[in-house]
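Two complexes follow with chain A in common, the first pairing it with chain B and the second with chain C.
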Partner chain A sequence: MQYELIEENKYTVLQINEDRFDAKLAPSFRNEIDLVKGNIAEHLVLDLGQVRFMDSSGLGAVMGVYKLLRNTKISIVNPQKSVQELLKLTRIDKLILSHATIEDATSSK
Partner chain B sequence: MKTILLVEDTKVLLMIIKKKLTSRGYHVITALNGNEALLKLQAHPNIQMVLSDWIMPECDGIELCQQLKSPHYARYIFFVLLSARDDQDSIIEGINAGADDFIAKDTNIDELDARLQAGFRTLALNNELVKKNAELDSAYATIKQDLAAAGEFIKRLLPNDPHFARAELNYVSIPSAQIGGDMLGCMQLDENNVGIYLFDVAGHGVSSALMSFSVQQSISVSADSSSLVRQKTDKAPYYKITSPCQVIQQLNELYLSQEGSDLYFTMVYAILNTQTGMLSYAFAGHPPLVWMQNSKDKAVFVEQDSYVVGVFDFAEYTTRTIELAAGDKIWLYSDGITEAEKDSHQFSEARLKELIFDIREQPTSIQANTVINEVRSWQGKEQFDDDVSVLVFEWKGYPEGDEQCNTSSLKKTNTQYFK
Partner chain C sequence: MPVLKGFNRIYPSSLNTSREVSADIIPFWHELELAEELICQMELCLVEIVNNVFEHSYHSVEGDKLEIESYCEQGNPTLVVKVSDYGTAMPLDLLDDKLTEEFVVPDPEDPETWTVSNRGLRILQELTDKTEYISEIGRNTLTFFRHTQPESGLDK
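Up next is the complex of A and B:
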């Protein structure tokens, strides 16, 4: 998985630099989350700006993170239209709020 | 004991080398030329080490080596060429013919022994690999056979020639591998009500298929016992049809995933009243269904944002109702259809709706196939990357002569529904 990890005091940004968030990517995404979960301060920001397509396995991985990090705030940044629609269809948009930029996500309450 | 085939046309030399090797504990079989060597190899299937002279009458060392190293020779042979010291040309020729090592004829027995030991180590490694490969092949064949059997079994769970009064149904369901996570079905809940559903377990491997099989069992209805979709009661008519949102709610409780498992499914569950054309339905994170309104000559999406099944314990679902007109059709499908790709473009829900509209004049009985074939030709290949399922059902309208009375009673129910 191509990604970038930015660790700040109050938040951690995981930027997924992949075109497709699908069954092939989901396992390495899960591994990465397992590695960083101990270091996430208060807020995990998933930057999905590069992701053009998310399939049911990708969605499963995102829901898995939501359940795993029960006490951590999670945000999604810059989802493309198809990803946004999938999040809305499955009501994940009610559980994990989306923002236009990392700044918006980290300054919102 | 380690066996060596020694090939040498000079009898004296043959005896000397044989004696040396025997003294080091090797079992030595001899041949005077290449042809005899081939016969000896045939008679002793355990020989894998050949120590051969270079120049011999009839079939020489190089020719023998070429034959033994050809892909047609079924046995793996470690081939050591006996040569004169400093005979560079024959060494190069030997390498080209596939020889594994070279030993000068006057080499002392310690070095000869060491080289042969090295050769036997290579043979042992090779034999171990061959054995492991054979085990893997046979395990893979077993799994493939099991999956094929499971695939056949799951196929049999699909509705078999479904016929309902005043409703017609047609479907296609194709797993992307031997077994998949898509499942669909329909059942007569009572005289007037038909349950219709389609669900899609995330992923398409064995675990998805097992979950799909299990969910199918949970939904299935049997005549005299209570089930998820129809419960027994104490009063006449002694049963109660479970509403679509309750069916999904109960499935969610049944299939709530354990920590660490990402298995879940999306679903549409609908109940069609074949007397009135009222269709009640509930979604669970499933893509919109398409309502082909033949009466109004248009196709519309019917959607409901909702949680998937099996992930969140707090998920709640809602039943909604629409009223079909005679000849209207409802299309259910899994995302394998709309996510079919060509040049990183997806077939898309919009294109599916258009296609459904374009083929609206076709009889229901062949329409699911038409859609599958259209998507195949659009993507330019036969095989789908994901499980694909399409199900269409048509409501044929009121029973003859009943129309008037049913319509008036319906209007009342209708107003109540939307209040």
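Up next is the complex of A and C:
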């Protein structure tokens, strides 16, 4: 999985540099999270701006991280329309909030 | 019902098959002049079914045969997508149950609601107008239908 991890004081940005977040990518996403989970701050910001397509496996991987990092706030930033619609359709938008920018995500309560 | 041009290809099963199918079928759907939003939704439905076949019908075994067919019926324009496999058939009641369930609204206080199974089939229920599943003589075919014109009242 192509990604960039940006560590700040109070938050960590995980930028997914992939076109598709699907069943093929999900296992490597889980593996990478396992490797970096010790470095994740109190707020994990998932930057999905480059993800054009997400399926239920990708969504399941995100929910797996939500479960794994139970004491960590998780936000999504910059989702493309298809990803926004998937989050809305599956009601996950009620649990993990999306924001237009990292600044919006990190300044929200 | 008259049918416009069609798409019919066979793929070997793998975790990558849904990507290959998407790359092949999206240009075909563009040729049918389907709306971009509809194409995105149908791509999601098709990917869910192809991955379901790999995982459940073929138990994640690579190289088994999977056939994809798609065409558009004229008259009351409807996109038809069929996914066929020769693996383990899906229990018929599972599909019926999942296609009538609502999505569980995740509750921050209830971890049981965070990760649920068969989310893909519920996505299919939400984004298509009709779904059929037939298993006979060792061949399983899941077909989904979606009207292609939003004014038909199916503006999902």
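In this section, the second predicted complex is superposed on the first by the 109 of 109 C-alpha atoms of A that agree within 3 Å, B and C clash if a C-alpha of one lies under 4 Å from a C-alpha of the other, contacts with A are read in each partner's own complex, and residues count from 1 in each chain.
Following the convention adopted for this analysis, contacts are C-beta pairs under 8 Å (C-beta built on N, C-alpha and C of every residue); 3 or more make two chains touch, one makes a residue touch a chain.
Source: prediction; values computed, not measured.
If you put the two complexes together on chain A, you find that chain B and chain C bump into each other. When both complexes are overlaid on chain A, the residue A:24 reaches chain C alone and has no touch with chain B. In the superposition on chain A, A:50 makes contact with neither chain B nor chain C.
In the superposition on chain A, A:91 contacts both chain B and chain C. When the shared chain is aligned, no partner comes close enough to touch A:106: not chain B, not chain C.
Counting the residues of chain A that each partner touches, chain B and chain C differ, and the larger count belongs to C. By the touch criterion defined above, A:72 reaches neither chain B nor chain C. Overlay on chain A, chain B versus chain C, candidates 171-179, 225-233 or 405-413: the clashing stretch is 171-179. Residue overlap on chain A between the chain B contacts of one complex and the chain C contacts of the other covers 23, 53, 55-57, 59-60, 63-64, 67, 82, 89-91. Only residues 200, 202-203, 259, 262-264, 266, 285-287, 303, 305-308, 311-312, 335, 339, 344, 346, 386 of chain B touch chain A when the two sit together in their complex. If you check the complex, the residues on chain A that touch chain C are 20, 22-24, 53, 55-57, 59-60, 63-64, 66-67, 70, 81-82, 85-86, 89-92, 94-95.
Against chain A, the residues of chain C that register as touching in their complex are 15-16, 18-19, 22, 40, 43-44, 47-48, 51, 54-55, 103-108, 111, 114-115, 119-120, 122-123, 126-127.
The residues of chain A lying in touch with chain B in their complex are 23, 26, 30, 52-53, 55-57, 59-61, 63-64, 67, 82, 88-91.
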